[in-house]
Each structure stands twice: as C-alpha cells, then as structure tokens.
Amino acid sequence: MTPSSAADQHAAPAPAGEDPLIPVGVLGARGRMGTEVVKAVNAAEDLELVAMVDAGDWLFDVANAGARVVVDFTRPDVVMDNIRFCIDHDIHCVVGTTGFDEAKLATVAEWLQPKPDVGVVIAPNFGIGAVLLMRFAQEAARFFPSTEVVELHHPNKVDAPSGTAVRTARLIAAARRAAGVPAAPDATSDSLPGARGADVEGIPVHAVRLTGLVAHQEVLMGAGGETLTLRHDSFDRASFMPGVLLAVREIGRHPGLTVGIEGFLGL
Amino acid sequence: MTPSSAADQHAAPAPAGEDPLIPVGVLGARGRMGTEVVKAVNAAEDLELVAMVDAGDWLFDVANAGARVVVDFTRPDVVMDNIRFCIDHDIHCVVGTTGFDEAKLATVAEWLQPKPDVGVVIAPNFGIGAVLLMRFAQEAARFFPSTEVVELHHPNKVDAPSGTAVRTARLIAAARRAAGVPAAPDATSDSLPGARGADVEGIPVHAVRLTGLVAHQEVLMGAGGETLTLRHDSFDRASFMPGVLLAVREIGRHPGLTVGIEGFLGL
Amino acid sequence: MTPSSAADQHAAPAPAGEDPLIPVGVLGARGRMGTEVVKAVNAAEDLELVAMVDAGDWLFDVANAGARVVVDFTRPDVVMDNIRFCIDHDIHCVVGTTGFDEAKLATVAEWLQPKPDVGVVIAPNFGIGAVLLMRFAQEAARFFPSTEVVELHHPNKVDAPSGTAVRTARLIAAARRAAGVPAAPDATSDSLPGARGADVEGIPVHAVRLTGLVAHQEVLMGAGGETLTLRHDSFDRASFMPGVLLAVREIGRHPGLTVGIEGFLGL
Amino acid sequence: MTPSSAADQHAAPAPAGEDPLIPVGVLGARGRMGTEVVKAVNAAEDLELVAMVDAGDWLFDVANAGARVVVDFTRPDVVMDNIRFCIDHDIHCVVGTTGFDEAKLATVAEWLQPKPDVGVVIAPNFGIGAVLLMRFAQEAARFFPSTEVVELHHPNKVDAPSGTAVRTARLIAAARRAAGVPAAPDATSDSLPGARGADVEGIPVHAVRLTGLVAHQEVLMGAGGETLTLRHDSFDRASFMPGVLLAVREIGRHPGLTVGIEGFLGL
C-alpha cells in the first residue's frame, strides 16, 4: 500500500481516493508466483491482503476474512475445488494455475450459471507485454504475405516451441484464414530437416535455447520491401504482476467466465 | 492487371469479379514515387490507369480520361492547385506530396464542403507497416512507464529525427497523457550532451545514420521485468505501394478530408 | 577511377600515388555480379579495367590486354578452363564462381605448383561483413556454452539453411571441439518436429523465409547471465564489391591457392 | 569446488587433475560483487577460498591464510592500500574496484618494479562478452565507413553514456584513425538537439534508459549495402564471474600491471 511499486509500473496510477479497498485472498501464497502476488497486493494502494492460504491451510479462512477476489496460483489437481468453493461463496477468481482444457472450462462455466454476479478469469499468461504482442500480431497478420515466429528461452525449458509461441502462431493463422491470405511464399526445395522450423497451422515457429536467456518471443512479418517485427522480452517473474493486479481490479466488472486478460486491457 | 504483383503482396486479394475497374490518374507520373505508382496501378487487377500527368502536361487530361481517383506525388508548390482541380471535377484524391500544415489542411476541408461525395486523403506515410507500428505504439503506450524511439536511416537524410519518428513520439506522448502516465523514470545526472537523445514531448528520440541502411524505426517500451519492442524496416520504395493502392480503393467510401491511411485499415 | 566510390566505402583509402595501376580483366562481365565488378573496378583509383570478357568472347583478349589480375564470376562448367588459362599466362585469379569441391581445389593447387609466383583465391563469400562475422563467431565460440545460428532470407531462396549459415555453424562447432566445450545444455523433451532447427555438427541452425528480406544472419551465444549476438545484414549485391577489390589488390602478395578472403583482411 | 558451476559456464573446463588448488582471498567479501565472487570461488574445482575480508576486518588475515591471489571489489578510497599490502606480501591482485586514473595506474606500476614476479590486473569490466564485443568492434572498425554505439540500461543508472560505451567508442575511433578512415558520412542539416547522440571522438553514442532493462550494448557498423551489428546483453551480476575466475587463474602467468582482461583470453 505504499504509493508506488514495481508491480504497478505497468498501469496508470490506481484511482485516487475514497474508494474502499478491495479485499484480496491469495491461494498458493507460499509458491513462487504466490509469493510475488502477496508482495504485489501488499504494495498496491487500492488493494488489501486479507488472507494467505497454502497447502495444509483452511480454505474457509478466505471466506471468513471477507475476500472479494481470490488469486489462485496453485496446482492443476486442486484448482477446480478452489474455484468451486469461491463461486459458492460469491468470491471472484483470478486464476493463473495451468492445466485447463475445454472440459474444465465448460465445468467452470456451468458452475457460474446460477451466480450471475460472480466472475472467474483463467489466464495462461498474465504478462501484459505478451498479451499485447499476440493482439498486435493478430491485427497485423492480414497485411503481410509472410509471418514467422521465433521464441528464445533458457535451456531448462522442456517444451519447444513454448505454449505462448504456439498460441501466437494459431492466432496469426486464424487471422490470415479469416482474411483469405494465401500460404506464405517459400521456394525451399533443398533443406536440412528442421531448418524451416515447426509448422503450426502453416506458420513456421523456431525455438532457440540459450544459456543466459530468460523468455523472449519475436513475430516477424514481411511484405514487399518492408518487415514489421514485434518482440517481447521477459526478464523476471515480476513482469506478470501488473497483469494479475489488473485482473483483480477488473474481475468485479466482468461476471461469468473470461479466458485471458486481453479483454480487460480496454483495447 | 496481372493476377499477382509485388505491390499487392500486402493486402488480401482484391475482390474478385464483375466489379467495374476503378479509373485512376497519376499526377507526378514521371517522378520517383509516381513511376512506382504507375507500375503498381498497372499491375492491379481491379484498377485501370487512364491518365499519366507530369510537369508540362495538361491537367484537364485527367478529367477528360474519366479518372475517378487521382494519385498525387508532385511538389508542395503545385499540389494545392491539383487538389482544387480534382474537387471541382468530382475526382477523389490520394495525396502523398509533402508540406501540409494546419492552414493548408483547413483550406482543403473548406473546398470539400460543397462537395459532400468527394474524398481527399493526405498521408505523410503510405507504408502499412509504419502505420501499424504507430497504431500499436499508441495502444501499448499507457501500459509501460518507459518508452523511447530509435530511428535508423542512410546517411544522406537531412533531418534528424525523421518526420515519422517525431510523429510516432507525439502520438505516444499523447496516449500517455490521456492515461495519466507520469514521466518515465530517469536517474541520469552525469551525461554527455546528446547522449539521451532529442526530447519530443517527453519521449527521447535517437537518430542513427549509417551507410548501408535504408529506413528503420524501433519503439522500445519497458515495464517491471519486461520490454516490448516494435520495429519497422523499410528496404524499398515499393513498400509504399500497397498503402497507395489501398487508399485508391477505399477513398470512394470516405468522403471529406482524411489525414493518414490508418482509418482505411479496418483495425 | 573517380576519387571516391560506393564500392570503396569498405576499405581505408587506397594508397595515394605514384604506384602503377593494376590492370584487371573481368570474366563473366555481363552477368549480374560481373556488371557490378566492372563498375567497381572502373571506380577504383588504383585499378585499370583492361578487358571485359563474357560467353562468346575470346579468352586471349585478357592476356593480350596485359591483365595482371582476372576476376571470374562465370559458371561452374567453364571456371576451371578459365583458371587454367590464367595460370598458364601468369595472371592472378580472384574467383567468385561457385561449385568448388575438394577435388577441384586440389586440381587448381596442382596447376599452381610449377608457377610459384601466381596466386588464385577462390571465395564462397566476398562480403567483408559476413567474413568478419564468421571469424568473430569462431573466436568467441569457446567462451559460451550455448550457440545457435538464425539466418533470414527472401522466400525465393531454394536452400535452407543457407550455405553461409552451414559454414558458420561448422566453424563454430570446430572451435568448440578444439577447446573441449561440451554439448550445449538443452532440456527439451516435448517438441514439435523442426522446432529446434537443423542440427549442423551440434549447432542448431534456424532458417526464416520472409517476403521483404534480402540476406541476414545472426549468431547467438549465451553464457551465465549474458548473451553475445553477432548479426550481418546484406541489402545489396554492391556489398560484395569491397571484398572483391581487396582481393584484387592483395592477390599479388599471396601466391598459391587461398580459399576465402579472410586471410587478406590483416586480422 | 563442486564439479560444475554456473560461474564456470563460460570457460572451457578447468584443467583436470593433480594441480594444487590456488588459495584465494576476497576483499570486500560482503559487498554485492564480493558475495558473488565468494560463491564462484567456492564452486570452482581448482580454487580454494582461504580468506574473506571486509570493512572492519584485519587485512593481515589474507597473508596469514596463505592467499596466492586476492580479488578486490572494495571502494576507491581503500583499494590502493589493499594493492600496496598485497604487492608487499607477494600476493597477486585481481581488481574490479573502480576509480583508477592514469596517476593511480602509474603508482601501482611503480610499486611493482621491485617485485618482478607479482601480477596485478585492474579491469573496468570482467564480462567476457563485453570484452569480446570491444575487441571485435576494434577489429572491424576500419572496414566500415559508419559506426555508431547504442547502449541501453535500467533507468536508475546515473551516467549516460555508460563507461563501457564511452570506452568502446574510443577504441573504435582509435582504430579508425590508425587505418585512415575518414569521418562517417552524415548529411544531417536540420536536427533537434540531441537527436544524433553524444559525440565521443567522432563516434555517435546513444543512451536509452528503460524500466525492465538491465545492461545492453550494441555497436552498429555500415558499409555499402550491408551492416554488421555486435550486441551484448547482460542480465545478471553472475555474468562477471567467469571473467573474474579467468583472471584469478591467469594472473600468476602475467607479472607486472595489466589493464583489462582481454590479454588473458588468448585471442
């Protein structure tokens, strides 16, 4: 609740004033992401941390403490129970835990039906820069005959390409299809296996793994005589906090199920 | 009018079909840009080049030839007469000639008043990539405490920073002001003159001049733990043609005065 | 022979003065590269163009005109005859024609044995920037646990990765082996085919093909907490001329067979 | 002394074997850099940490503990006394403390005269990547008519441009002078103050300050039709440790005063 904070660097200053503080509970509060969320909520002027819960703690504490919004960075095997509990107790949920498929999303939507005022947002990526990059790539896609994605990460990453890169490529591919853009020109006839990257719905995606790097993504778009490059560099887990706080502030105005924070950015 | 062309690489394919061709006249047809426009119009399936006019030619040829749209890449000292002529003859104008200030724009708007069906678009930059970059920079500006612009050009350029970079910086500054973003943090207390660039409404703009380069611009935005970089590289005058053709196709649907082609992109 | 020229922008000014001009012949003078060579030789103060020969012309013209150095940008099926002719007539050769394998190189070396004063340089790439990039990548290779190569070209290129990228990767791999650097760390266990690029002796090489691009290459090297990136951008065939002129000036001081111009750079 | 370590990722593996460990003392051991040095020495197989000294500790501990090499990351007001003490006790010094001018360097050299076996290395930057970048920039400088430097740092930095950027520019300028390269072409006649950067001996240097960044530097070199870009990104203080360990291992073989670690890289 100090006047300025790293986690708030992203956003315009919170509205000054007489507005009541938003009471927030954090689930998974001792995990790597949860620890950052606790710090960020504490540092935000307009939020009040009322409950920190982790494995072994009592979930009812969150309700008893009067939380209006819960932030969940826990594990795929407990997150559904947490969401169910919050919906039942009319608490909004901001969920960063991974592992959601269509079936789980449908279940959450069903739980929300009898509770028209409760909001749940489930987001695979709270980085505002990453979300903006995806959005811009989609908007620009139809103007460029060629688009490729290069993602670069530390060498401990197990999946290649990254989930974000695959999602970005799919969004670009969909935007190209919708606009009737034909397949990108490519005269390659003599190629080493893998040279042209992974094919994600027609968009080549290249994954670089390099000691020293953290998490980086580049979308390259080309037309006659010009290229447009969109690049996002993430150096630190702290980069996700502005998106988490934004979701905490916005979720009360977005009842029902929302996937991804893009809709909260007011673009 | 060949089926596919470099200048059309940018856009989704032109609408197929029975639509009548748009008759187009080119003013400044023998100039560097005009020559490219002539080629691009000739190569476009849905356009018909009906008049090429340059210094010493008869402006009435354009009207006599039945041009519905005129493209003007001439000179600041003749462009106003050209626009006046076209408006009087109910011909739409796509203008890439430079040198427009508020007074000239107001004059054109006045001429258009009695002609509610005629459209004039005056654009400082027809590069779709450059226009997208400016648009995205504006949209992203309020999410990042820091933003700087680096533009890089060939060493024969006389102005620094480029007009496009100054315009980009102003748009970013306006978006930051509108969102209440405070001045970017900067602890610099010991600086060589010029190190921190030119100050354009609070946005530092740096100009690099390098043999071998053509025209390039980068917008760097930073927040806690992450950066977003938008870069446009223009290698060739041909890169402006898709934007010119887009304007030719769209101007009939946008009566009155339009500044910049951004509004024609359907974003 | 004008005092300054684009092709000479690369090098320090040629030695002033009373030195006699070097008489130069160009084989393949009407080809795309040959045309550039003719222009560059004409523009160089210290060189004199004495013969231009192309298919159908008489090779003896080169000898009759007194050429001391010949530049050959012809075709794989005639270049060996040209080299043989030059060696027999005590003319140095600067060869940019492609298609040399070990056997052909051995043949040229054999022809040179009885001619201890004649020099032949056969170079796959006359771009000084490209040659410097390869050299620096080799020197730096042993200090970085991770190295990958990304090359980016126009979509009309038929091979992927480019020959220069493959050569760069091989040089890096050899430098790593010589220094005992172990394989780069890479925890990837869940990958789409092609995502991690082509494997060139343990170095991942990624090939991007994009409308609007020309020829670009990036070497990325990473160690704990830092990365070093070397990038070369080639926008124009003119970029090879400084390397050709350098070779023309140096070949007289390097009798025997030389592969690549690196040894002429005085590094 | 664990078999592998982050700080050693830079170098080829330490020589295996029966060699005796090098006993190392650390001055300023509780400072930000000192703490990292302690960790790195502890993790290195061939080094032994024998003394950790900070303000308030007894300097004789270092000698008593048998240190053969001392690493000094202290403060400008105490470092000279530390160096004097080490030279008197025949201990080699690796110094990362800042604030050395010509006069101080001369004094150290003088102290070393009666001790022909003792070595002192004073380095403004132990990042091997940064040192390689400076070296490569110097080597390439004479081949390119244009060179500019862009450095990018976090906004808490007080000096602009960075010391490393100024030093890089000076080395480039010296290399250009030595080769007789004329001033870079620049037609700028209409400029906002600061747009073209700071002038460091004729090399323009641009300083970007951006939330989210750490420490980054780019050298851009251009010639006709091509550019060469050298970029170093430093994300973490850990990136200096490989250079510190290299200096600790090498200093015994380099008696006298050495400035910078470049000479230890075996280039």
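First chain written, first letter: the chains are A, B, C and D, and each begins at residue 1.
Note that a residue touches a chain if its C-beta (ideal position, glycine included) is under 8 Å from a C-beta of that chain, and two chains touch if they have at least 3 such contacts.
Chain labels with UniProt names: A, B, C, D = 4-hydroxy-tetrahydrodipicolinate reductase.
Predicted model, so just to flag it, every value in this text is computed and none were measured.
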Selected pair, greater C-beta contact count between B-D and B-C: B-D
Duplicate of the A-C contact set - from A-D, C-D or B-D, the pair where over half of the pairs recur: B-D
Interface sides of subunit A and subunit B: same vs different residues, half threshold: same
Reference subunit C; chain at largest CA-centroid distance: A
Distance from the mean Cα position of subunit B to that of subunit A, given in whole angstrom: 34
Mean-CA-position distance for subunit C and subunit B (Å): 39
Separation of mean Cα positions, subunit D and subunit B [Å, integer]: 46
Residue numbers of subunit D (touch at least two other chains): 9, 144-145, 211-212, 221, 223-227, 233, 235, 239
Subunit B residues touching subunit D - in the complex, by the definition given at the top: 144-146, 148, 150, 152, 155-161, 166, 184-200, 204-213, 220-227
Residue ranges of subunit D touching subunit A (in the complex, touch as defined): 9, 211-212, 214, 233, 235, 239
Footprint of subunit A on subunit B - complex, ascending: 6-7, 9-13, 127-130, 132-133, 136, 139-140, 142-145, 179-182, 221, 223-239, 241-242, 265, 267
